[in-house]
Amino acid sequence: MQDSIAFTLAQLAEQLNARLQGEGGRVIHGLAALQDAGPEQLSFLANRQYRKLLADSQAGAVLLTEADAADYAGNALIVADPYLAYARISHQFDPRPKSRPGIHPSAVIADSARIDASASIGAGVVVEAHAVIGANVTLGAQCFVGERCHIGADSWLAPRVTLYHDVRMGARCVIQSGAVIGGEGFGFANSGGRWNKIAQIGGVLIGDDVEIGANTTIDRGALSDTVISNGVKLDNQIQIAHNVHIGEHTAMAACVGISGSTHIGRHCMIAGGVGMVGHIEVCDNVFVSGMTMVTRSITEPGAYSSGTAMQTAGEWKKSAARFRQLDALAKRVQQLEKQLPAVTQPPQGSSES
Amino acid sequence: MQDSIAFTLAQLAEQLNARLQGEGGRVIHGLAALQDAGPEQLSFLANRQYRKLLADSQAGAVLLTEADAADYAGNALIVADPYLAYARISHQFDPRPKSRPGIHPSAVIADSARIDASASIGAGVVVEAHAVIGANVTLGAQCFVGERCHIGADSWLAPRVTLYHDVRMGARCVIQSGAVIGGEGFGFANSGGRWNKIAQIGGVLIGDDVEIGANTTIDRGALSDTVISNGVKLDNQIQIAHNVHIGEHTAMAACVGISGSTHIGRHCMIAGGVGMVGHIEVCDNVFVSGMTMVTRSITEPGAYSSGTAMQTAGEWKKSAARFRQLDALAKRVQQLEKQLPAVTQPPQGSSES
Amino acid sequence: MQDSIAFTLAQLAEQLNARLQGEGGRVIHGLAALQDAGPEQLSFLANRQYRKLLADSQAGAVLLTEADAADYAGNALIVADPYLAYARISHQFDPRPKSRPGIHPSAVIADSARIDASASIGAGVVVEAHAVIGANVTLGAQCFVGERCHIGADSWLAPRVTLYHDVRMGARCVIQSGAVIGGEGFGFANSGGRWNKIAQIGGVLIGDDVEIGANTTIDRGALSDTVISNGVKLDNQIQIAHNVHIGEHTAMAACVGISGSTHIGRHCMIAGGVGMVGHIEVCDNVFVSGMTMVTRSITEPGAYSSGTAMQTAGEWKKSAARFRQLDALAKRVQQLEKQLPAVTQPPQGSSES
């Protein structure tokens, strides 16, 4: 998409601290998968199950492990972890427009806001009183940054991100469009069948290196802060309710919903569509599979699931009908188990009749 | 966050019509949970299971029932319902920026729009023709209000709320950022495998005291209005399809999806992640548990559920495999039940052999 | 809502190529359902199960099939497919504000963007460098169109749609508010427990006649494009991950989530709340029922489901408890089946004892 990006293999090898096999002068203009790459593109072999694609690849060069490179005749950049090397070099080929320091004339910035001179503030952005925008921060067009927010250095907000007041985030965060951070959590006291709103007076505290996906919502705390720790990665359309804590380096795929006051540990992986009830604790190193409903605390690392596997609708209807009778079925089996010994192990005296 | 908020206990007692136990002159600057509160903060005991935290609390004062206050030596505000009292007093301590009457110079307001002089219209707001904005309404920055919308007095829209044309809402509504109200419902007529769009010519009618969460979407009606009744509370990322009716004081937690033309009664509580098919009726006073799929009308008040409980992934795989064979299993039990009487109740004549 | 819309039945008959039965001069001001329609409104009978409503309808005229019109005494427009005719004529009665060509003075348009003179660019819109906006396109207020985006002729974007850079869409697309297209997909390489972001350097390619719902998110491809084919219809709050391909004329209801690199065929119907894992293939003409978790490729057309049917919470708790013991129950049945033959079919020699 941008023809101007160009590196020689020798340059890329240096950037990646890779061992070069082949033509150091080969010019690379982009990245592509093994089956799609042409002679001006770099590719990678991250999963050995795709090894068969290597022989036929037209790639100008391939990121390979020492082992895979051994019997590959083409150009290669040899690294310990090709997927990680691809991740690192990918940013060199990113067509994402570069931010330019400065404040667009259409932005509306409160007098008391402090904006670093190196920050880039897009068209239509609104920054409210006492907000602090760090060095090299990008606020994409139409972002809203509420009172007293802090945005750490090198953070990048896509267009149209909303931060309510009192949201503080660390350095190098990435927030995608449509994300809403600091919305008022769902807190009401019921009185005679009517719901009385509880002011949500806490904030949101976000660590360093956090990524938050498009249209994800993170509510502010009811009393103290909702907390998203360093290195957490949240995909699109995730809902994080008030008072939730998410531990360091935990990742969640899209459409997850976490209810209020639930605490999740470090290095967890939560697959898409998972729901968690409120006021539970999930320990470190837990994996939860897609669309699981987490209804209780998890105290042991490991993998967890709920739901049923897909069937044809016809077969599923039968399974689902039987599920509703499952307790009765179990009782019938119990009854059979009671009856059967009466036959197989005849009661005392029966042989005498 | 805002040190300037300060009330004496005597003032708070008067506001809440509470009985004061202890130091009327004690100055309170904020609210906190029992275990977090310091000597300048007010706390509350809403659930007697947390009663053990009361003795050790450092709170400057605690909202308590008469019974709980009896054996508490500290400062207390004695009320019938401490959680409700907390809800009411919480707004005094809300750091949410106060709205100022007036129209920001960057807002784009149609000539024919009628905006009350007491309303607060934020930066970058767009208000289209013939819209009517009531007294003391706040439109946060970057809101869009379509043609002929009506927003009732004292309603508060967070930044970046979108109302398509012909959305009418009552008084004291609260709409969080990213909510989209009046989008075109998903209506298509299939003809030869292609989808022909049906114009969505109804509107959205929203009552008084309705709360709508961040990034929640409420589609306009296909022919008549989608209806959200007085006192309804909708959390974040809820999807309400065209022609849905939601009865008074019903509350829905995050990530619920209601399909087209479904009618839900009053005082229902719909937990997070619930889905409802279209064209069904749910009566008053129904509770639906998290991630339940509601596939038919509900005609009796009570609690309803679907899904399966979480297991370790290893155990779950076994359960899920058996679920697929459930109909066969039930038939095998039936077969056993047929066979067993043949043994336990020997056929006529067998005793004669 | 707009009293000025008026057509005679004769005019509508001509537009629809329908046979007129009754008063050609009857003036029609709107559309309504059979039970709601008054003498100035047109209605339709699309489903014969509602035939009983026809006799009592006050509608000024009704769209009917030849068969249904035969014994109807009122005004009718006779067509082969009344629902399709309603879809087509509905746009004549749509109160959606008409777009006016031109660029609102508050819009921020890059010098290198090419905007057709017939396009309508709303207040607060931002269009970045090298974007191309086709003939008769509407960009609603506050839309963001990134660098190098192409928007085909006659497309209509509601207010506040976000297109990142390098999103290309065809003609006659409809995008609802809050949709985010081209967000950075969830791609990270794990290294020592930390997640390293992978730049998402592909784009999004959208065909002709595509509809995308409110707050739906479609991520850009990691290396090549995410692809949404001609005629695809996506409802609200759908999540489409990077590298997904959706085939022509497939429709998805709200709250569906499709994980990365999954390919879906043509003419599929995916009901609300469905989730699909990544890297699978779904063939043409597949129907997936609401909230199903699709965990494997589907190679045969047909209907597919997972989950369990709703029960009262009390009954459900019993079913769910038994589900967790399902493998054990199946083994107990197996045990019974082993034991029973020992009784019903006595082993060799037992009769001789």
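A, B and C label the chains in the order they appear, each numbered from 1.
By definition in this document, a residue touches a chain if its C-beta (ideal position, glycine included) is under 8 Å from a C-beta of that chain, and two chains touch if they have at least 3 such contacts.
Note that this is a predicted model, so its numbers are computed, not measured.
Looking at which positions face the partner, chain A and chain B present mostly different ones, since fewer than half of the interface numbers are shared.
Matching CA atoms, the turn from chain A to chain C amounts to 120°, rounded to the nearest 5. In this assembly, the C-alpha centroid of chain A lies 25 Å from the C-alpha centroid of chain B. Multi-chain contact residues of chain B, defined as those touching 2 or more other chains: 106, 124, 142, 160, 178, 215, 237, 255, 291, 307-309, 311, 321, 323, 326, 329, 333, 336, 340, 343.
Residues 1, 30-33, 36, 81, 83-84, 86-88, 90-91, 93-97, 104, 106, 122-124, 140-142, 158-160, 174, 176-178, 211, 213-215, 231, 233, 235-237, 249, 251, 253-255, 267, 272-273, 290-291, 307-314, 316-317, 320-321, 323-324, 326-327, 329-330, 333, 336-337, 340, 343-344 of chain B are the ones that touch chain A when the two sit in their complex. Per the touch definition, chain B reaches chain C in the complex via residues 106, 108, 124, 126, 128-129, 142, 144, 146-148, 160, 162, 164-166, 178, 180, 183-184, 186-189, 191, 193-201, 203, 215, 217, 219, 223-224, 237, 239, 241, 255, 257, 259, 275, 277, 287, 289, 291-296, 302-309, 311, 315, 318-319, 321-323, 325-326, 329, 332-333, 336, 339-340, 342-343.
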